[in-house]
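Same chain, two partners: subunit A is paired with subunit B first, then with subunit C.
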Partner chain A sequence: MSNLEKYVAAFTSTFLVEESALANLKYQDIAAWDSVGHMSLMAVLEETFGIEMDIDDIIEFSSFEVGRTILAKYNVTMK
Partner chain B sequence: MPIMDIRAIIKHQRNRYPVLLIDKIIDLVPGERATGVKCFTYNEWYFPGHFDDEPNVPGFVQIESLVQTFILTFLCKPEYAGMKTNFVSINNIRFKKKIVPGDVLSIEATLKTFKRGIAMGAAESFVDGEPACSAEFVVAVPDILDQFKPKA
Partner chain C sequence: MKHIADLPVRVIAGCSLADLRPKALPPYAPEAVAFLTAWSKQLLARPDIRAYPDVASFAYWCRPANLARLHRELGCQQLRMGRGVALHIAPANVPVNFAYSFAFGLLAGNANIVRVSESLPAQADIVCAEANDLLSQADHGRIASMNTLLSYPRNDDITQRLSAVADVRLLWGGDQTIEHLRRMPVSPRCVDIAFADRYSLCLLSAPAVLMAESKALQALAVGFYNDVFLLDQNACSSPHLILWQGTVQEVEAAQVRFWNAMQALLHTKGQSPGIHAVDKYTHLCRTAIQVKGAKATPTADNRVFRVALDELPENIAEHRGRFGFFFETIDNDLAQLRRIVNTRYQTLTCFGVDAHVLAEIVVSHGLAGIDRVVPVGKALDIGVIWDGYDLIRNMSRIVATQ
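So, the complex of A and B:
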C-alpha cells in the first residue's frame, strides 16, 4: 500500500467512514471524530507509520488535509 | 492491612455511594497492576430484585467492580488522583461463576498502556479462587484528553 492508501485506511477504519467523505473532513465534523476518536486516530497513524508525534502536532491535526502536511514533517510523504 | 482502604479509594477516584463498588486494594504497583476486593452482602440494593428467589450479583455490577479496580492502577498516582474517567469500550467479557450474597470477589487488574489519556488493560476476578468475571477495558480520562484536542 502507498502512504496515501495507508493514511486513508487509518481514517476509514478509525471513524468507519467512506473514503469519499475524507477530503473535507475536519475534527468534530462527525460524531466519531471527538477527543477520544482523535486519540485513536493518532495511535493508528503512529503505529502505521512508525512515528511518534509531538503534542503540538496532535493539537494542530484538525483535518484530513492538515494531517497530510503534518505527517510530511515525519517523512511520511503522500502523492 | 490493605494498601488502600476505603478512605484512600474515595480520595483517588470519583465514584461514590451507591456506586462505589470496591472495598479495599490489597496489592498495587502504580501504573501496572492492582488487586481489589469487593464484599457482597444481601443488604445490597440489587439482591432483592435480582432475583427475589435466587439473589445473585448482576453482570453490570461485576463489570463496574472490575473497572473500578482497573482505574486505580493509574489513579493511584498523585498526578491523576481524583480524575473522572469514562468507558470507551469493553471487550471479551466473560461471566464464569454466579456470585451470591456472602461471596468475596478478588479482582486482579492490569494496565497495559496509558498514553495521552487513554488507558487500556484488563481485569480478572475470582471467588474462592475460582474464575468469576473478566473483561478488557479501554477507559478515557477527559481531563487529560482535553489537552490534546485540535484547535477549533
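So, the complex of A and C:
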C-alpha cells in the first residue's frame, strides 16, 4: 500500500466514510470526527506510519488536506 | 515467590489471587507496553467509545507513541525494576481512575492487584471487558499471570490480607478512607502512595480573556467545561475557586465575557438534572450562612452558581460545591493564595498567565501546596507524575552498582 492509500484507509476505517468524501473533509464536519474520533484517528496514524506526533500538530490537524502537510513533516510523503 | 491465598473476591480480568505470579519486570517492559497498547487499540476501535470521552482519553494515553515518549523521559541512568506486588485501592469518583492506576503499576514493572469499585458506571465495564478479553489471550500470558482486576464489597479483612502481601500500595480516596487504610499492617518495606482529598483552583487573566479572539475564547470555555463538568466537579483536580487578575473594571468585563461563553456552551449540552440545581442552591444557602462576605452573583439559570468574595477565608477549601459552583476573587499578586494555600491544594489551571512562572512562584515562596500548574482544559489529564509523585520511580526500585 502506498502512503496515500494508508492515509485514506486510516480515515475510512476510523470514521466509516467513503473515500470520495475525504478530499474536503474537515474536523467536526461529520459526527464521527469529533474530539474522541480525533484521538482515534491520531492513534491510528501514529501506528500506521510509526511516528510520534507533536501535540501542536495533533491540534492543528484540522482537515484531510492539512493532515497531509503535517505528515510530510514526519517524512510521510504522499504524491 | 510470594503465594497469595484465594479470597472471596470477584475476578474481573487477569488471574485469580491464588494463581498470581508476582515476578517483577523492568519499567516499560515490552510485555507491559504490548498489553497496554493492545488495550488502547481495542478501546479506540469500539463504536460506543464516542459516548465515553474519559475512556477514549485513557486509551489515547496508552497509545504506543505516548508510552514510547514516557519511556524515553524516564531515561536509563539506573537499572530499575518493579517493587513486586502493587495493591491499588481505586476510587469511585472517577470512573477510569483504576485503569490509570493499574497502568502506572504495570509500567513501573509490578504485579498488580487492582480493587475496582463496585459502584462504577458503564464505562468501567467497557474498560474491564477489553482488559479481560486481552488477558485471556496467550499473547498476553505473562501479563495475565501477574495481574488481577477484582472487586469485592467493602471488607477490611480482605483489604488487610491484600495489604499484607503488597510491596507498594496506591491508595485513592477521601481522607478518612486513606487514614483507615494506612492503619492496616503492611510489610516493613512497603511503600504507600496516598491520593487523599485535594483542592484545585483556576487563575484567569482578565486582559487575556478580554483580548482572546472568539475561537480562543471558545477553546477556553470548552477546556473549562472539561475540567469541571465531565466529572461533575468531583475530581480532585477540578477547580472550585477562580482567581482573577486585572483591574476591577477589566475583571468585571472579563467575567461577563467568560461566563457568557460558558453559558452558551452549557446550553448546547442539554439540561442538567434538577437535583444538581437543588444541590447548588442548598450549597449557596450554606455558603451564605458560613462564609463571611460571600455575595452571590446572579446568573441566567441554574447551570452555574457563582459567589464573589473580596477576601478569601482560610478554609475556603472546605466550602467546595459540586456540579458547577464557583468562588471568585481578585488576587493580582497572589497574596491571597499565598495566605491560604496548604498541603491540600493540588492543581492550579491557568489562562493568560505562564504556567512555568506560576510553578516557580510555588517553589520560590515555599508554598505548602500546589503540585501541578497546567493550562485550563488539562486539569483531568492524569499522568505518571501525579500529586507531586513520580509514580514510575516511586513504584520501582533501583538495582545499584558501583
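By definition in this document, the second predicted complex is superposed on the first by the 79 of 79 C-alpha atoms of A that agree within 3 Å, B and C clash if a C-alpha of one lies under 4 Å from a C-alpha of the other, contacts with A are read in each partner's own complex, and residues count from 1 in each chain.
Basically, a contact is a pair of C-beta atoms (placed from the backbone, for glycine too) under 8 Å apart; a residue touches a chain by one contact, two chains touch by 3 or more.
These figures come from a predicted structure and were not determined experimentally.
Chemist: Between subunit B and subunit C, whom does A:Ala9 touch in the aligned arrangement: first, second, both, or neither?
Modeler: The answer is neither, since A:Ala9 touches no partner chain.
Chemist: Just to be sure I read the superposition right, which of the two partners does A:Ser62 touch: subunit B = first, subunit C = second, or both, or neither?
Modeler: first
Chemist: Would you check which partner chain A:Ile51 touches, where first means subunit B only, second means subunit C only, and both and neither mean what they say?
Modeler: second
Chemist: In the overlay, answer first, second, both or neither for which of subunit B and subunit C A:Ser35 touches.
Modeler: both
Chemist: Give one of first, second, both or neither to describe whether A:Ala43 is in contact with subunit B, with subunit C, with both, or with none.
Modeler: Both partners, subunit B and subunit C.
Chemist: In the superposed arrangement, does A:Met78 touch subunit B (first), subunit C (second), both or neither?
Modeler: Touch status of A:Met78: no partner.
Chemist: In the overlaid three-chain picture, which partner chain does A:Tyr27 touch, first (subunit B) or second (subunit C), both, or neither?
Modeler: In the superposition, A:Tyr27 contacts subunit B only.
Chemist: Mind sorting out which residues of subunit A both subunit B and subunit C touch, each in its own complex?
Modeler: In subunit A, positions 35-36, 39-40, 42-43 sit in both the subunit B and subunit C interfaces.
Chemist: Can you list the residues on subunit A that touch subunit B in the complex?
Modeler: Touching subunit B from subunit A are residues 27, 35-36, 38-40, 42-43, 55, 58-62.
Chemist: For subunit C, which residues count as touching subunit A in their complex?
Modeler: Against subunit A, subunit C makes touches at 40-41, 44-45, 49-50, 52-53, 56-57, 59-60, 63-66, 68-69.
Chemist: Name, in rising order, each residue of subunit A that touches subunit C in their complex.
Modeler: Within the complex, subunit A touches subunit C at residues 32, 34-37, 39-40, 42-44, 46-47, 51-53.
Chemist: Which positions of subunit B touch subunit A when the two form their complex?
Modeler: Its residues touching subunit A are 88, 115-118, 140, 142, 145-151.
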